[in-house]
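Structure first, then comments.
Per-chain numbering from 1; labels A, B and C assigned in written order.
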Amino acid sequence: MLHILLSGLDLGGTFVFAISGALLAVRHRLDVFGVIVLSFAAGNAGGITRDLLIGSIPPAAVADWRYVAVSAVAGLMTFLWHPAANRFRNDVLWCDAVGLAFFAVAGTQKALLHAVHPAMAALLGMLTGIGGGMARDVLVRRIPTVLRADVYALAALAGAAVVSVAHVLDLSAFAATLVGGALCFALRFGAIHYGWRLPAARPSEPPPASDR
Amino acid sequence: MLHILLSGLDLGGTFVFAISGALLAVRHRLDVFGVIVLSFAAGNAGGITRDLLIGSIPPAAVADWRYVAVSAVAGLMTFLWHPAANRFRNDVLWCDAVGLAFFAVAGTQKALLHAVHPAMAALLGMLTGIGGGMARDVLVRRIPTVLRADVYALAALAGAAVVSVAHVLDLSAFAATLVGGALCFALRFGAIHYGWRLPAARPSEPPPASDR
Amino acid sequence: MLHILLSGLDLGGTFVFAISGALLAVRHRLDVFGVIVLSFAAGNAGGITRDLLIGSIPPAAVADWRYVAVSAVAGLMTFLWHPAANRFRNDVLWCDAVGLAFFAVAGTQKALLHAVHPAMAALLGMLTGIGGGMARDVLVRRIPTVLRADVYALAALAGAAVVSVAHVLDLSAFAATLVGGALCFALRFGAIHYGWRLPAARPSEPPPASDR
């Protein structure tokens, strides 16, 4: 039961992150294959990094064909219907928040299953959530969302921490996964909708205009 | 026999990609050590990623000194003779196409030898081909060639697929490697020489001028 | 004894590189969590890459909580005291040189302990030193320091080579670690203070203004 939930969350997260990568690719006018490559990078970079770090080799994205298939379908769908996808960009922002929540809790559970220390498992869950967006943005030369967006890595870490704490207290993993995912989504919802933000540094000197 | 062919293709691909990295480094006026670092990244990032993903650890680029040597020689040669290399830039474009073909088929064969599913092996072959250029371009802040160039990842995938299909049908691996490599090169030749291209997205809104 | 020295060098290098990442994050006006994420990337990317390449999985940064703690503390300290940190930017440049020296020798020793060939161990030590800065700079869209700075990768390689040569000659690892680290720092000191530099390429054509 938990296994099915985790699989669904992982593939669902791959799907929505792949869509986010495809949309960015379309806006950069890439050809159809470039769209699919960026979809795959966005949907799978976080999970692949997590799997390498916990020693689950080959990573799920290589061992299980469904990850590639889900990424390619998301990329193709977005390429074919991009005007619609462009129009509903806000829906995509919500999808991204859902993907972050899915990956954060599923990544933490997977790390716990590999006997990683609970505190580190929560950090690896956060990394799973933020990794895909980092790869996607670096490839098209954007400063990654996680470094710019409000309450992004923190939301992922909060959701992941719920799963880890429940594991330590021996509470239901199933319930913790749902609660943690909901918490992560709620924090991102608040950040997007109500403008919640963390304190930022205000350096005394002007920012580097041309940071060569 | 196949073993020697694969070794030659892998080292040959490393050499020409290392030259492409060195040329880019020279154009950015890097010092001689920066040139060699970028040569190494361009020549080996694809193969290292593939080896990590299939669990062949340590990767060939670490276990076999010839990869480092070939990359360093390519970087030094380019640094010393860069005016000539600059003048013959089109030759380099052709070398790059050769490297892509070498890596795509050699990478697929290596993945098949590690008992990876044939479909995934073809994708890993493609990744081997495109990975070096991705690392190279990200390091000097270019949008990677694979995302911009015409029929690039697709050419690599087509060549890789020939190797995988031959493996499933139990045909000669030696012949498949040659045919697959030739197909990949031919597709890139057509894209460069005749301007073949895949359909690209034409988003309804203007592209992001400053995509912060 | 050597074990304690290496642990100290590795954590010390993590600390000063994390500070360099945090300072860059503050200059880009990231929020407090973005600062910590960049601190972690700068402090640990080199060591994680080394550990993956030598098959030491999970990497130390995942298996040992102190790496995360040291990175987070460095990030938070810098965030809270950034005006001071900004004012003493030159001190930071020196810290970076110390971190490079720490990582180069500690990374080489770790690779030697994993029975890597001494020549490759020196290259992996160099990679440990330059990897953190590469990840940090790519994430905020700078061309990595190692590609621009004077006598940077070469300094790391020189320090790492001392450790490897001492290993081959069966000399004291403890002394070699100190001498190698001092050599690396001295080379960077000379580069920063006296402007030592390697020959750079002067391509016949103008540099790519907009290298699309």
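For this structure, a couple of remarks:
Just so we're on the same page, contacts are C-beta pairs under 8 Å (C-beta built on N, C-alpha and C of every residue); 3 or more make two chains touch, one makes a residue touch a chain.
Just so it is clear, the model here is predicted, and its values are computed rather than measured.
The remaining chains, considered with chain B omitted and nothing else moved, are all joined by touching into one piece. Although chain A and chain B carry the same sequence, what matters here is overlap: shared residue numbers make up under half of all numbers found at their interface.
Remark: rotation between chain A and chain C after Cα superposition is 120° (nearest 5).
Averaging Cα coordinates per chain places chain A and chain B 28 Å apart. Along chain B, residues 52, 57, 138, 141-143, 148 each make contact with two or more other chains. Interface residues of chain B, counted against chain C in their complex, comprise 25-35, 37-38, 48, 52, 57-59, 62-63, 65, 68, 79, 82-83, 86, 138-143, 148. If you check the complex, the residues on chain B that touch chain A are 52-55, 57, 116-117, 119-120, 123-124, 130, 134, 138, 141-144, 146-148, 150-154, 197-205, 207-208, 211-212.
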